[in-house]
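Here the chain labels run A, B, C and D in written order, and each chain numbers its own residues starting at 1.
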Amino acid sequence: MKTARLEAFSDGVFAIAITLLIIEIKVPEDTSHLLTKLGELWPSYLGFVISFLVIGLIWANHHAMFDHIVTADRTLLFLNTVLLMLVVFIPFSAGVLAAAFRTGESERTSVVLYGVVLVAGGIPFNAIWEYARRNHRLLGPSITPAEAKRIARRFYLGPVLYGVGTLLGALVPALGIAVFALLIPYYWLPPAMHWLRKPQPAQPAE
Amino acid sequence: MKTARLEAFSDGVFAIAITLLIIEIKVPEDTSHLLTKLGELWPSYLGFVISFLVIGLIWANHHAMFDHIVTADRTLLFLNTVLLMLVVFIPFSAGVLAAAFRTGESERTSVVLYGVVLVAGGIPFNAIWEYARRNHRLLGPSITPAEAKRIARRFYLGPVLYGVGTLLGALVPALGIAVFALLIPYYWLPPAMHWLRKPQPAQPAE
Amino acid sequence: MKTARLEAFSDGVFAIAITLLIIEIKVPEDTSHLLTKLGELWPSYLGFVISFLVIGLIWANHHAMFDHIVTADRTLLFLNTVLLMLVVFIPFSAGVLAAAFRTGESERTSVVLYGVVLVAGGIPFNAIWEYARRNHRLLGPSITPAEAKRIARRFYLGPVLYGVGTLLGALVPALGIAVFALLIPYYWLPPAMHWLRKPQPAQPAE
Amino acid sequence: MKTARLEAFSDGVFAIAITLLIIEIKVPEDTSHLLTKLGELWPSYLGFVISFLVIGLIWANHHAMFDHIVTADRTLLFLNTVLLMLVVFIPFSAGVLAAAFRTGESERTSVVLYGVVLVAGGIPFNAIWEYARRNHRLLGPSITPAEAKRIARRFYLGPVLYGVGTLLGALVPALGIAVFALLIPYYWLPPAMHWLRKPQPAQPAE
């Protein structure tokens, strides 16, 4: 079974989950003192930006992973479905996070929920890669077993770091959010640095 | 007519229907006693998980079916549209199911509605396969008529089992849900077992 | 400019518009007397089914049209965007239709709105085909100018028939809905008849 | 890394964002005096039409840009994610715009918000093109550096003109909206004019 439709379906779910984030930000019906009201929605904007970049990141990593996975089977479909289920849950936990910081109540609970969903999402994500690379089962010739192992270590780091953010958030809610926010540039920046230094015109990479 | 756009369109509808499931879980506006409130939403989570895996399963079977269907005609488009219409109805029936178990009223009705939608969806699903395999009309050389018949028998089992769950749910609501939930591993697990036993590296399968 | 991304984007919009139809059917929060409440939603189901099949039909015709259009330019993109805009409006007009028949007020207005949106959608649809087939500008070798003209006549019939339904609906609302509903089998059935008579195994066709 | 999945993911997000615009137009629950109520929604229709055509335009330009970008790297993915984030924000700012003009309060604020989102979206859009064309890094042979520079100048004009509209809207709200509305035909019309004059049958063009 080819992975083309699995990727198309996953792209669709990622695209919708990332877009649904905006639905959680309610347009004020009464627009008197609009600027104040828009300002009070800052937890929603923060949750939107962090969640958008986090889902964008998961998508980018999913993309990188499936650049090497050339065959799909039912187990892979199942693991991928579980991953997508947890990605789809993020707009809900982001909405809860924003509501808690808007009302100032149960912030701790909301941060832990948000973090737990991210950690939970890391499990099927890593399971996909472990399953695919076991005996090089579903991987193509574009990657060696050693490289696949190195990538696995990098992928394992994700849920661990989100777990640290969750634990810190259980102590100081704002700190947890800060960790989730800081993980985003940590992931995006290094390769950006790399590419800004060494432009390689018209040549496929990584 | 090629099936590429039909598959792309179907993937889109499946992806959106599966993601809309999260919209039925309302973020609590008032976040005092958040943990309790999140806990009270358990019927929504249950409906979400079951429906996500059920739609994921229908998608996977749709995928498997269209791996062999190589030609599309208007009748196929029509049957596929009816199938998609019933898939799109699942987030609604899942929302009704969750609402009934949250309030504790009319659980029976909600389970029967949920089951009837699944049984109804099985009709166009099986009709697509019957129509495509009649005289091997729309199938390609990747499958023999005998194999197509064997798959048909497996597909027929779906609405029958969902029908049994619906009937049991009409007697004992929780039992109906249990059957719907148990059908999911029944479908996903066997091939998983199979693949965990016999890894076949980098070679397209089933 | 190739039409691949235009088709992918259009498929996405069609898929989302058709799925959003379910959002207009609100899950009852209070589930006491659920069966009665679900029954009272019949105008929503009717609007859902008709609109789903209508959008499915527009998609199928869009698909048939772009099987022959091989080149895209900015004018085509613009006309296609206007068409998609009117397709996206259908879930709104379907929601208004259902609300009017649920409350029993302003049914006439709601039917006319629904019909006007369908007629309006026919304008960019036919404009796309006229623009593409003028001097065979954007068409490929898969169709002759004479065939393109014959298809144009069939496409012109759409907004005319929807217009008749709208006028009849302005007199007797239920009659307008009946016309909209009857146009669906009128479009889907004939080719189905055709194909049920002459199965042509594994051979691409219009 | 190929750009195929980046384009598919982006197409999905564009398609959903453009379709979500309709969700901001609420179906009136009470349909007595429906025509009046539908009429009062004119700011929503206006916001819908402008936003639909604006997002359609950004998509068309994104499309044109990625016709020449042949390689993707993480930096491109990041810039593209930021662009999509701002596109996804448009349904929210369009909803705020419509609410303000419906209630007649804080129109100025709503126009400025709407314009600022468009200007902000222009930043990652131009950054993508600058990044891709630096040393012809990610561009293919379909375009020369000189042509890429010429296109860059045209792209830079976008946020500048939206900025002018925002400033004018801060003085006279209706004037800002007029500028946003007039920019749409300004972008769509010239090539349309061009193509209506010189039909070039069956030949790919920019």
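Rule of thumb we're sticking to: a contact is a pair of C-beta atoms (placed from the backbone, for glycine too) under 8 Å apart; a residue touches a chain by one contact, two chains touch by 3 or more.
The shown structure was predicted, so the numbers you read here are calculated from the model rather than taken from an experiment.
Enquirer: I need the rotation angle between the copies chain A and chain B from a CA superposition, between 0 and 180°, in steps of 5.
Expert: 90
Enquirer: At the place where copies chain C and chain D touch, is the share of residue numbers found on both sides over half (same) or under half (different)?
Expert: different
Enquirer: Look at all chain centres (mean of CA atoms) and spot the one farthest from the centre of chain C.
Expert: A
Enquirer: Mind checking the centre-to-centre distance between chain C and chain D? Centres are C-alpha means, answer in whole Å.
Expert: Measuring from centre to centre gives 25 Å for this pair.
Enquirer: I'd like the Å distance between the centres of chain B and chain D, where a centre is the mean of that chain's Cα atoms.
Expert: 36
Enquirer: Could you tell me which residues belong to chain D and also touch two or more other chains?
Expert: Within chain D, the residues that touch at least two other chains are 8, 12, 15-16, 23.
Enquirer: Please output the residues of chain A touching chain B within their complex, sorted ascending.
Expert: 1-2, 5-6, 8-9, 12-13, 15-17, 20, 23-24, 70-71, 73-75, 77-78, 81, 84-85, 88-89, 91-92, 95-96, 99-100, 103, 105-106, 109-110, 113, 134-141
Enquirer: List the residues on chain B that touch chain A in their complex, please.
Expert: 7-8, 11-12, 14-16, 18-19, 21-23, 25, 27-35, 38, 48-49, 52-53, 56, 59-60, 63-64, 67, 188, 191-192, 195-196, 199-206
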